[in-house]
Amino acid sequence: QTTPERGGTLRVALDQAISVIHPLLTRVNPEYLATELLYSNLTRLTTKMEVEPDLATAWQSNDELTVWTFTLREGLKFHDGAPCTSEDVVATFEAILNPDVASSARNNVGPIEKIEAVDPVTLRFTLTEPYADLPAALAFNSARIIPASVARGDLNSLRSTANGTGPFKLVSYEPDRLMVVERNPDFYDPARPYLDRIELHVFPDLGAQTSSLLSGDIDLVATIGPNHYMRLDGQQGVNVLRAASGQFCNVNFGTDLPPFNDVRLRKALALTVDREAMVDFMTEGFGTKGNDTPINESYPFFAPVTQRERDIEAAKALLAEAGYPNGIEVELIASDRPALRSQLAVALKDMAKEAGITINVVTMPHATYLDQVWTKGSFYVGFYNMQPTPDAIFKLLFTSDAAWNETRWNNPKFDDLVKRARATTAVDERTKLYTEAQALMTEEVPSIIPAFFDVLGAKRDWVDGYEIHPRGSVYRLDFAWLTAASPTRKG
Amino acid sequence: MIDFLRRLLRTPQGLLGCLIVGLILIAVLAGRWLTPYGPEDMQSLARYKPPSLAHWLGTDQYGRDILSRLLEGARSTVLMALLATVIGTLGGAILGTGSAYLGGRADELIMRTVDAVMAIPSLLLALLVVSLLGSSSLNALLAIAIAFMPSMARIARAVALTVRKQEYVSAAIARGEGSGYIILREMLPNVIAPIVVEMTIRVSFAVMLFATLSFLGLGAQPPATDWGLMVSEARDFLHRSYWILLWPSAAIALTAIGFNLLGDGLRDALNPRT
Amino acid sequence: MTDTTDPVLDVRDYSLAYQVGKRRIEVLKEINFSIARGEVLGLVGESGSGKSSMASAIMRALAQNAVENAGAIRLGTTDLRAQTEAAMSSIRGRRISMVFQDPATSLNPTLRLGEQLAEVLVRHQGLSWSQAWTEGTARLAHVGLKTPAQMMERMPHEVSGGEKQRVVIATAFACNPELIIFDEPTTALDVITARQILDLFGELQAATGVASLYISHDLALLSQTADRVAVLEKGTIVEEGATAGLFRNPQHPYTRALIDAVPDPAHRLVQPLAQTEAQPLVKVREVSVNYGRRSLIDKVFGREGKGVVGNRAITLDIRPGEVLGIVGESGSGKSTLARAMTGLNRFEGLIEFDGRPVRGLADMDRDYRRDVQIIFQHPDASLNPRQRISEILGRPIRLYGGTDGGDGTSARARITQMLERVRLPASYIDRYPHQLSGGEKQRIAIARAFLSNPRLVICDEITSALDVSVQASVIELLMELQRQSGAAYIFITHDINLVRQIAHRIAVMYRGDLVEVAETATITDPARADYTRALLGAVTAPASTHLR
Amino acid sequence: MSASYILKRIALVFYTLFVVSVLVFGITQILPADAAVMMLGENATTEALDALRNQMGLNDPIWQQYLHWAGGVLQGDFGQSLRTGQPVGPALFSALGTSLTLAVFSLCFMLVIAVPIGVIAAVRRGKAADLVVGLISYIGVSLPEFVTATLAVALIADWWGILPPAGYIPLSEDFWGGLQRLVLPVLVVSVMMIAHVSRMVRSELVDVLHSDYIRAARLKGLRPRRVLLRHGLRNALLPTITIVALDVGYLLGGVIVVEEIFSIPGIGRALMTAIQARDLPVIQAGVMIMAATYSIVNFAADLMYAWLDKRIQYD
């Protein structure tokens, strides 16, 4: 690889509006990208999903994994020139943990009880229970560090202004069209960022996004679907980007209510799924089969439990056993965004038909879905990014105290396995615990996870240093640079 | 009636319109029995197949037969559009004729309010109504019906006013006829003809509005066989399998053209001057 | 000037047909006539006889589907049929020009009058716009407009119908053409204005010596304006000759029928009333009608609304069996009175019908409505196009029950009977109105009115939309029904000659007021009101009176 | 055209806004989503929601909420977006500006094409040219915008590669680039209007050309050009003004699809986004602004019509 060149403007296409740049309130990928440019976390994830320093350079814990100490870089500065010290970090986490702020990070940064500034560059986290994955958790997308004055003052000002420590500074922001950032000369790494300027253009239409990349109007498309990927693949001047990932679409059961509180019925349905075909229907082959656990090869501690295959006879038998010898009719709800959700529903409908399960698909607007179905419904389609660790995804969705326990699955044994795995750093021990947890999920099927998707993107060949991230919501554009072949554009 | 049909078929628009609309109505009525495949049957081995003998119009991303889906979709799309137009027209016609009959302040108030509602573009009005009721074909139907009412009311009122001024209505009033007889027997038959013309042309708007709502994700929902939804879903595959997009688009356009032509034909046939 | 025996316009063996579908409709057959300098040729014939088609043929502005079979049309030495469209374009307006029936529609509503006059001068005389404007102003002065300069600047809707027609005439005369075609130039104007336009035509004709083709269906009028008259029947000129001779001694039966159809005041069609001293059937007392109401904004600004007075305190009696004629120029309130009496307009005042007082719509009960019937002007509009004759005529029977004939007769039988009385075949009962001619439709309307055995029938210009000959037969029918039933009539019309023929008394209205009511015999008294005299003076005396 | 007519017409504009405000306020009140939930998102606690509801006045009686909101609107305060938390007014007015840019270009382009086409069709009525125009207009009014837009992008931008396929740059920022990006959307928006207006011009002109005064003008020997342009077209175009003004409604709100596909941040798309996100203040303000624009344009069109066609007597 050649050495990075400095300068130039990078144009990035996003498929959704950047509705919010309040770094504690971001909820979707484009917003994560925007705040990633403007702010920093304590830690960040490499494209190999390893934790690396961001504002913090080093960290260590006590043996019980209940007290963690982080060391900050020296001489950190916010965009307005004010120094960034441990006091700012403390204030930030106080804001994140304050329920009134309603930050999505609150449930995702770990079991923090208290955070203190030991000295201007040293922080101490005290946890309520042992937690081995804290450094990874602190890389969470909406746990970005903001100035104490803002965190304790006018948090709302973060909706239109930004004062972070990130590699770029905010120039202009129109939620539905364009956000422009420029290089932060005071960034902690004097070499980075390489780009002078980044423009984030919003293209609500996926076709327009792809066409604009082809025409050279756009340099980088953050995420694209399989069909657009195939269209771009092999085109002159365009590189397609692909990373295997733990991203998935699933079918959630309300395990607390009939009919899906009967594991036989859940299993019967899982047995109707032709996972090979599902990978095709949903990802055009850009994905991998799922085995009804949220963990796949992309995660550490993945356990290759016996793959569940389609077996209509077994499904029919289970169905009869569960008291539905003549089949059952159920309503499956999918929100309209992204389209993948209804694709899964439609395909499942067809596959389950043969076993005598009649599925009526109901698609509804995303807002209504969030309001009325999500975490409340008893049979609906979910969609998740890859999380940094197995613990993160289990704690997010499947433990009884999960932040978003969509299935209301309440399995003390599973809870215990996850809890014990948190409390140790011993790889063998954790492997054993997580393997057991995955086997338990496959057996109990709180949710059908039929396939995982690769993360797909595309760029012009004059963009270098950019790698697509399996997490799906991490971009690391401070590493990207433009080669001499890039068109010159007025800034 | 026979005479009228002959007049209608004599105009080129009328003839062509009747032909197209006739074909579409056959699809609507008998489509279910004409389909070679189940409209929702997926074949994972026959995805993205171009038109062939086995699949005349090809297959889509799930390996479903497009012809079967189009035939099945005719019912949802065209029937819904027809119903929406009829409901919207009836509502508007009653409002407009009533307003014209009431006259005076009431008329003024009704018509000004109707004008005011017309300041909201019909697509937007439909969007608002759908988001109010939830997105489904049925609600889209209602939304379109509501969106059509103001302009239909305006047209109906204008027609009713001219009819009201006719001497045969004066004659009926002078004769001492009751208002029921005057509205139903003297006015309505004469108001209806121009409204039927307008209604026919509006069916094509409705088809397109319906498709647009589905396109925006606020009309029919997958796996419905709605044409607009089919187009919307197919846009991603345009560069790979253009036919998935082509056929439903063509179906929408053909339907719209058919009803437009038929409407113009009806207008000519009903126009005493030609 | 050239030899006077050389005709300005010469039409020889001219035939014309229209292609409709596969059929060819002959509208002009072997037409021959010529017009000399200074001469006025009148072309007369009933509607559809081909008069306007002849004019179009001369102007070379035929409909697309016209087929010319044979013959020649020559203007001086120019063979018009051989001219290209471009050549014709420079002949029109310069050598031949035309005046149309309705000045309201033949002027472009969005261009100033001056421009519409001056553009001809610019086109044909090669004048500049400013020269043309000056010249145009002079021309307007010529046609008797008082303020020509202002007139040039005005828009058509800002001037009266008579003024418009003067502008049209000025335009026709602008380039001193050899021939002018007048296609019924006064039909759309009211009587007094029409008279003035005719006088103007006479003056200009005499002054310029232009040859004129004057198209009209009004024989009385032609008898005064034309030097010679050609009678057109179904596309054939059946008779042609000097006016005086033709009227005195018509050769062709069609000509005679036309002349006979002209109403002649001397030829009374109505019997005198038996006893004039009987109690009036209807007493109209101080009846006023106001149109329009004050708008909200007028109220806010405390202004009077711009209401229109339809009738101002009309008081009038109608005796049983009497025919009361009402005349007056357009807009004088004749229809308004008729509508008030039939409950179609709100009114103030009192109408007493056979001793029963009627003060408003609420007082008009079924009996009143049965006794008072109205017939309208437009036969096309007064019958519902979507009802069969059986339903149209069935309504009065259903509404008013059996007041006619033996009670045993079914409704259908009574309708057939009534059709017979208005001299229509019984088979018409299942037809729709559009399958009948204008005259036949009007007969249905009459039948509808008489089915209830009314005691007062109001006829609002019921003949003015009909052809002369059809008009005569409708009048004849009306008079016969009147004799049979003894009903009283209010007969509203513009045609003063007609009203003098059939009315016992005549009421004259002017701008909403009743000017006077006079016995028909004394209407010509010099002591009558000024307006009445002006009205009568404007009427062209029928040809027969001064020719026979 | 009297002062009282103008006053009456202005009163009508206000009445329209009143009706629309009541209507849209009513609709947004029953939309199935709680504003506070929308604002705080799925992570909010019940207490936080309650506090916010009180602060936003959502617990007040509905008429009070209406008065409060209407009062704000009258002072130019449209509230805050629930989605972005930013003031609604400035964002929407800039979106309106974008939409108007698109609308004005589309209108001009449409007129430049539609009027001559309509005239040609009328003059050559029944001939080949007329049939071609008729066919085009039938197809034009029968293709939904999402089809034409998709085709335009696929053919013109992707295949021929002569224009940028999407995006919007304000003309004030980069005139040339902005203009290039307007071409395709303008084309798509115009197709339907061209079809509509050219048909209108044709039928009006055919009527006018059959009128007596045109016949009279021809028979005065005027040159055909003068008859057509000075006498005919002028009168035929007058009713078109009204039609075009009515189309402004379509131009602002009916082009949501076009704004969506071409990524134009206009008011239509702002509303669409707001509807999807249940962003009530934006929906309310957007519809109001749209209705106001529509009313004002139609008011102006009526005045212009009255001024051009002095025949019309208003009371």
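When the chains are written out, they are named A, B, C and D in that same order, and each has its own residue count from 1.
Keep this in mind: a residue touches a chain if its C-beta (ideal position, glycine included) is under 8 Å from a C-beta of that chain, and two chains touch if they have at least 3 such contacts.
The shown structure was predicted, so the numbers you read here are calculated from the model rather than taken from an experiment.
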Original post:
Between chain B and chain C, which partner chains are common?
Top reply: D
Original post:
Would you say A-B or A-D is joined by more C-beta pairs in contact?
Top reply: A-D
**OP:** Using mean C-alpha positions as chain centres, tell me how far chain A is from chain D in Å, no decimals.
**Re:** 40
Subject >> Centre distance in Å when chain A and chain B are each reduced to the mean of their C-alpha atoms >> reply: 44
**OP:** Please compute the C-alpha centroid of chain C, do the same for chain D, then give the distance between them in whole Å.
**Re:** 49
**OP:** With chain centres taken as the means of their Cα atoms, state the distance from chain B to chain D in Å.
**Re:** 22
Subject >> Sites on chain D at which at least two other chains make contact >> reply: 32, 150, 158, 260, 276, 278
Subject >> For chain B, residues that touch 2 or more chains besides their own >> reply: 131, 134, 217, 235, 238-239
Subject >> Residue numbers of chain A (touch at least two other chains) >> reply: 207, 365, 368
Subject >> Pairs of chains satisfying the touch condition >> reply: A-B, A-D, B-C, B-D, C-D
**OP:** Enumerate the contact residues on chain A facing chain D in the complex.
**Re:** 17, 19-20, 22, 25, 27, 99-100, 102-104, 106-107, 156, 159-160, 174-177, 201-205, 207-209, 211-212, 214-215, 217, 365-368, 370-372, 374-375, 404, 490
Subject >> chain B partner contacts - residues on chain D that touch it in the complex >> reply: 12, 15-20, 23-24, 27, 30-32, 138-139, 141-147, 150, 154, 158, 249-250, 252-254, 256-257, 260, 268, 271-272, 275-276, 278, 283, 287, 290-291, 294-295
Subject >> chain D residues touching chain C - in the complex, by the definition given at the top >> reply: 4, 7-8, 11, 211-224, 226, 230-231, 234-235, 238, 308-311, 315
Original post:
Mind pulling up the chain A residues that touch chain B in the complex?
Top reply: 206-207, 225, 227-228, 230-231, 274, 277, 280-281, 334, 336-337, 339, 342-343, 345-347, 349-350, 361-365, 368
Original post:
Where on chain D does chain A make contact in their complex?
Top reply: 32-34, 37-38, 40-45, 47-48, 51, 83-86, 91, 94-95, 150, 153, 157-158, 161, 164-168, 174, 260-263, 265, 269-270, 273, 276-278
